[in-house]
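In the two assemblies presented below, subunit A is common to both, partnered first by subunit B and then by subunit C.
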Partner chain A sequence: MTTLTLRRRLWLSRIDYLFLIPGLLIFGAFILWPMLASFYYSTLDWTGFGENAKFVGLKNFTDLLHDEFFYAAFRRSFSFMLMTVPIQMLLALVLAIILNNKLLKLSTFFRAMIFLPVVTPVAVIGIIMVLLLSPFNGPINGLLLDTGLVTRVVDFLGSPTIVLWTLAVIYVWKWTGITLIYWLAALQTVPDELYEAAKLDGVKSWQVMVYMVMPIIAPFAGVIALISAINALNVFPLIQSTTQGGPFFSSEVMEVYIFRTAFAPASGQFPRLGYASAAGVIFGLSIIALTIVQAILMRRIRRKEPTHG
Partner chain B sequence: MADVMTHKDPFFTPRRRRQLVSVLLAALSAIWVYPLVWMIFASFKPNSELFSNPGMIPDAPTVENYVRAWREANISTYFFNTLFVTVGSVVITSIASALMGYVLGRRPVPGRFAIMGLMVFTLFIPQGYTIIPVFELLTKLGLGQSLWGLMLATCGHSIVVFTLLFAGYFTQMPKELEEACRMDGVGPVKTFVYVMLPLAKPIIVTVVVMQSLQAWNDFLLPLVITLANPAMRTLSVGIYSFKGENFVDWGGMTAASTIAIVPIILLFLFLQRYFIDGLAGAVKG
Partner chain C sequence: MSNTFKGTPSRRAFLKMSAAAGLASFAGPLAALDVPTVAGLPAANGPLHWLDSGGQKGEFIKATLPEFGKVNGFDVVYDGLPWNEIGTILPLGIRNGSAPDTFNLPQGMEPSVALAEGWIQPYDDYFADIAAFKAAYPAGSFVEGVNVFGGKTYGFPFSTERRFNNALLFDRAKLAEAGYDKIGPELALTYDEMRDAAKKITENSGGRSFGFIIGGNQLGRWGDSVTMLAQRAGAKVGNSALIQGLDFATGEYAFGSDEYVAAVELLLAMRDDGSVFPGVLTINAPQAREFITQGAAGMIIQGPWNVPIWEATAPQFDFGVSPGPVPTADQQNNPVYVAQLPNTGNMMWLNKAAKNPHQAAAYFAWLGSLDGQVAYANVASCADPAIFPETIALADLSERAVQMLNMAERLVRIAPNPMIANPDLSKVAAAYVDPTPNLSQAIQGLFAGQLTDVRKTLTGVADARNKALDDAIAVAKAAGANVSREDFAFAAWDSSRDFTNDDYAAL
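Presenting the complex of A and B:
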């Protein structure tokens, strides 16, 4: 069997290849091709679908380097990631440790409640938050004024200095449920016997957590951090449906910038598809770089601690 | 789970502690879902009451908002558009990813590791990076202005994750399955349909549930595809545009929002286990 020629093996697998066709068509058309095409588009001066595009080489990239809106949006995307991921991971971990207690009867119910914002469409969350946080008689401002926590209404989504923090809180609220599930899955890999043995030996519960459970779930932390970080970089729907990058571009992250440049330019301006593609290429490559760095780091850590994972 | 406190203080028995934790969790859950509950109540308030009555319960409950949203704001059209895109993309994605996951997971096909590697490489590509070529491709195919195009492109989002889920699951099944089928003279297609697929039922349900969520809530893709064609909007985009076009009709907006979240929340509550399993599988894999 092992000496079959490649041609023979290909022929023997003909039905398997047939099975691959639908999946590969979708993958090729909507993932692989767009990835490659973006590179090509990024070298074009292109003012709209159906318009003639002109090859300009690397001009889009050199222009981007002098575009302060691009710089600001790029930095903002990564700041937003740093503002949300640590809080989200910590909050979800604490909740997961509490909810993982099998004696807690309503654990499933609480998990479902925390998860509800995850399944809610972002457009709906946009509406709710704009209403709730409205500076004109919005319920949250009403509550804050009544309890005396603030003396003046706070324009949560309309003030350039606090808008990004407001969005970070909304974001953490929306996605903590998913991180919670990840942590719970990690905690499930801890054998029950470990807790029992520790209890019999009179080990305190915080010691069990810090010295026994944490090392076991540590390898998962890397994966969860990576997924959360990438998720936080793809925050377009939330921002577009609440502030559209405003006020005065103060919440414009990379994807909002790309969308605005390619599809929704200010009146009187042409869409710049090539330019937006170039921004997308830089953003995509940064994310791939982030993934690779994280993978290398995780491999290093694992090599140092070969007993776990 | 004993703590220092429990030894000293007989009042804080582990049981009491659990009850206290439950109360705290209940309070947190209430705060957590408050925005959603508030919106559902608000959708029954007339517009005049929405901002003047800060309480949750409407003074004069009305379904007027729903009637207006459904009839005048085209929410009925958007609802059926979303349903079409969701159902279609769920069918296509589950079939395509099951077939591909099966072959990549357990068939000795030349080139399968190359395909797998390529797929894993693209796992984290942001949507903002691919959206321009996707739209251009659909336009060239003549699908840029049709719900079919939106449906097909929606299949692309998670096909890699789903394929890897299927592949991981199929790899674990005993090798003898296909041999037994071959001995009995069952062809490869029948083996897949009658032996393999029924065994992969948990993954199929997970994929169906996750793709429904993805398609129902998708935003950037339908927003771009329907920019020039409002009649094709999905609920998410419809609600988003509602805000821009009828910015005084908050009652209508909350009603439309409630229409958009009810199906997906019901799906989640009934099939919760599969949501959780699917997500947990993504981390473990």
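Presenting the complex of A and C:
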């Protein structure tokens, strides 16, 4: 058997590599280049508009370490993730189990209804939610008052104590449909024979779920959690279209913080693209770290699983 | 029973009414508009893009600029946006090359900074005789350090700053029902009266209406309103941007002063009384303006631009105008201060990368002529008064507009402007980084309840701002600027009168 040289192997697969080029170009232009540019910009004292960029090394990073609003936004981003992902996963799982029942009438209709918010633009949802939740003429407050559940209007998006929870509920409502699809895909991997065998053996439905289905779909949970967690850290459009991070920064997550410092500073301030890039780099690295930790945990869990056969 | 206000307009109705405002307000004054044809205008490079903060002057531009473009062979794209959106969209547009040909600068951005960042260019060369054009303006309209830099003209002024930018506007019936029927342009409420009136308005309506409303999502409203209240309380401080809250006697920021603290405490007291419209933290100024005409609240602190808008769109709304409230009745004549004669917020600036600088300059030339100013004054009314004083006598104004203008003449003073006194301070402005939270953010935080100690919070903002200014001065000095903290102090100024060009010359 002859061993092909690397060059020869590349040549033989040239058509395959040719097909990769468009994808690589797009990846380079829209992923790789912005990432590298962010690293570079993070070393500059630069508004992003003028020609007066000045190299400052790691000063932006050291300044960030003394910025309480950066810490607050960073903490808020991960709080938001913890507020949404478990509820979203659990809710989607329950709905997926119900809707996976082929005997359930209108299951396709319900799936479509639950998925509808996913395909609705976030900005549209943001505007509609501002109107629905309005404390002075919003129907939700009207309903709460008319039914006597509250005696004074609730400022869902203007109260610093509940604004993040309000946004979390909107977020979960908006994105549960996509998690539902993931769970449904996972449930499709459970063989029909298993259900039939369980039925013949007289196993109860909850036992089928807990002892048979769950162990099979459990490995998918890690992947779904990872995807959901990363999505929950990317909530800029929802927050920008509803609260812009307010009131007084109480819903300012990292992306809004980065946007504010880079492009929309308060009156009397001017943009700091270098500083915002440094914040973006730290946030990006923390997400990568989260991904790595999750991958390591998944691997350990799999190793502990008993082998079948 | 629901205690929410049910008479508020839908978004669609709001848009319809806003559009109607423009049409209604021009139907008469502009019916016979005759814009000139400019000879020798080069061919346009696409439509002329114009961006400003809207309002009454925006409606004038929106109506006349396309007409001007039509007779001079170019198309027009006009955008009138709230200030916070200008602050977001314009920097992005500059960055990606899509910024309009001419625009208002974001609030709080010193023109010197825009110049240093390469946003703007002078328009002298687009005029056949710029000296003659400027000579027709009232003295003090073109000022080195304000709209002129290095002898070149950058900012185009067409309206005056001498207006009561944060007046108290109120529903006359509601205030009368609360027992305050004497309030008007000559008699302001005291702080206690305002709080009492707000409480009674809320009580009298059975909770369907509220005493006070403010567009609290538009951050600048907090700082501007409170600064006006502080000035009315006797603080001799600057009104906006770098000099907002700057005590002219000492050159130090005075946010921690009794006047500022009392002003914020007035807002918090009304909040605690349940007299403030719910949801103020999520509505902007135009929304607040619209809601009060529908009976949702009794009082609002906003500018004179509301007068012509309300008279056109909400003729059923019986409102009155008054100067901002004062702590005690003997302070009725306390003035408020503005930084210079030309209105810099309305001032238009020519994009350095403008595609149609000749077209923009041609329109500037018409609007800066007596004909253009008269046409403008007929529409702008007291909202953004024309900078040519002779137009006031020629304009057709409502009774309330006259009250507003008289109120401004009586109570608005031109304060010293450090930027004019020492143009080198533009380098300080360029180096200055406003700390976070700034005044408006801090007041919003106090109102939202996230911050609690008023004096401590405001003193903290003042300290941070004083340090930021010192840092900027140090940077500017290191770069060769001849500046010092003393440049911000005008201890000898008699604050009962305008600070004039002669005063600058005497420094």
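We adopt the following convention: the second predicted complex is superposed on the first by the 284 of 309 C-alpha atoms of A that agree within 3 Å, B and C clash if a C-alpha of one lies under 4 Å from a C-alpha of the other, contacts with A are read in each partner's own complex, and residues count from 1 in each chain.
In this section, a contact is a pair of C-beta atoms (placed from the backbone, for glycine too) under 8 Å apart; a residue touches a chain by one contact, two chains touch by 3 or more.
Predicted model only: the values in this text are computed from it and were never measured.
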| item | value |
| --- | --- |
| First, second, both or neither for A:F78, with subunit B first and subunit C second | neither |
| Of subunit C and subunit B, partner touching more subunit A residues | B |
| Touching partner for A:F61 - first (subunit B), second (subunit C), both, neither | neither |
| First (subunit B), second (subunit C), both or neither touched by A:V130 | both |
| Contacts of A:G142 with subunit B and subunit C, given as first, second, both or neither | both |
| Touching partner for A:P247 - first (subunit B), second (subunit C), both, neither | second |
| Contacts of A:T47 with subunit B and subunit C, given as first, second, both or neither | second |
| Which of subunit B and subunit C A:W165 touches, first, second, both or neither | neither |
| Touching partner for A:F270 - first (subunit B), second (subunit C), both, neither | second |
| Which superposed partner A:I224 touches (first subunit B, second subunit C, both, neither) | first |
| Common ground on subunit A, meaning residues reached by subunit C in one complex and by subunit B in the other | 49-50, 130-131, 134, 136-138, 142, 263-264 |
| Interfacial residue positions of subunit A with respect to subunit B in the complex | 6, 9-10, 13, 15-17, 19-20, 22-27, 29-35, 37-38, 41, 49-50, 98-99, 101, 103-106, 108-117, 119-132, 134, 136-139, 142, 173, 178, 181-182, 184-186, 188-189, 195, 199, 204-206, 220, 223-224, 226-227, 230, 233-234, 236-237, 240-241, 254-255, 258-259, 262-264, 273, 276-277, 280-281, 283-284, 287-288, 291 |
| Subunit B residues within the subunit A interface of the complex | 1-4, 14, 18, 21-22, 25-26, 28-29, 32-33, 35-36, 38-39, 42, 50-52, 54, 92-93, 95-97, 99-100, 102-104, 107-110, 115, 118-119, 121-122, 124-137, 139, 144, 152-153, 155-156, 159-160, 163, 188-189, 192, 213, 216-217, 219-220, 223-224, 227, 235-237, 239-240, 243, 250, 253-254, 257, 260-261, 264-265, 267-269, 272, 275-276, 279-280, 282-284 |
| Sites on subunit C touched by subunit A in the complex | 1-6, 8, 11, 83, 87-88, 91-92, 94-95, 106-109, 113, 116-119, 216-217, 219-220, 223, 241-242, 244, 274, 277-282, 291, 296, 432-434, 436-438, 440-441, 444-445, 448-451 |
| Footprint of subunit C on subunit A - complex, ascending | 47-52, 69, 130-131, 134-138, 141-142, 145-146, 152-153, 155, 157-160, 243-244, 246-250, 263-271 |
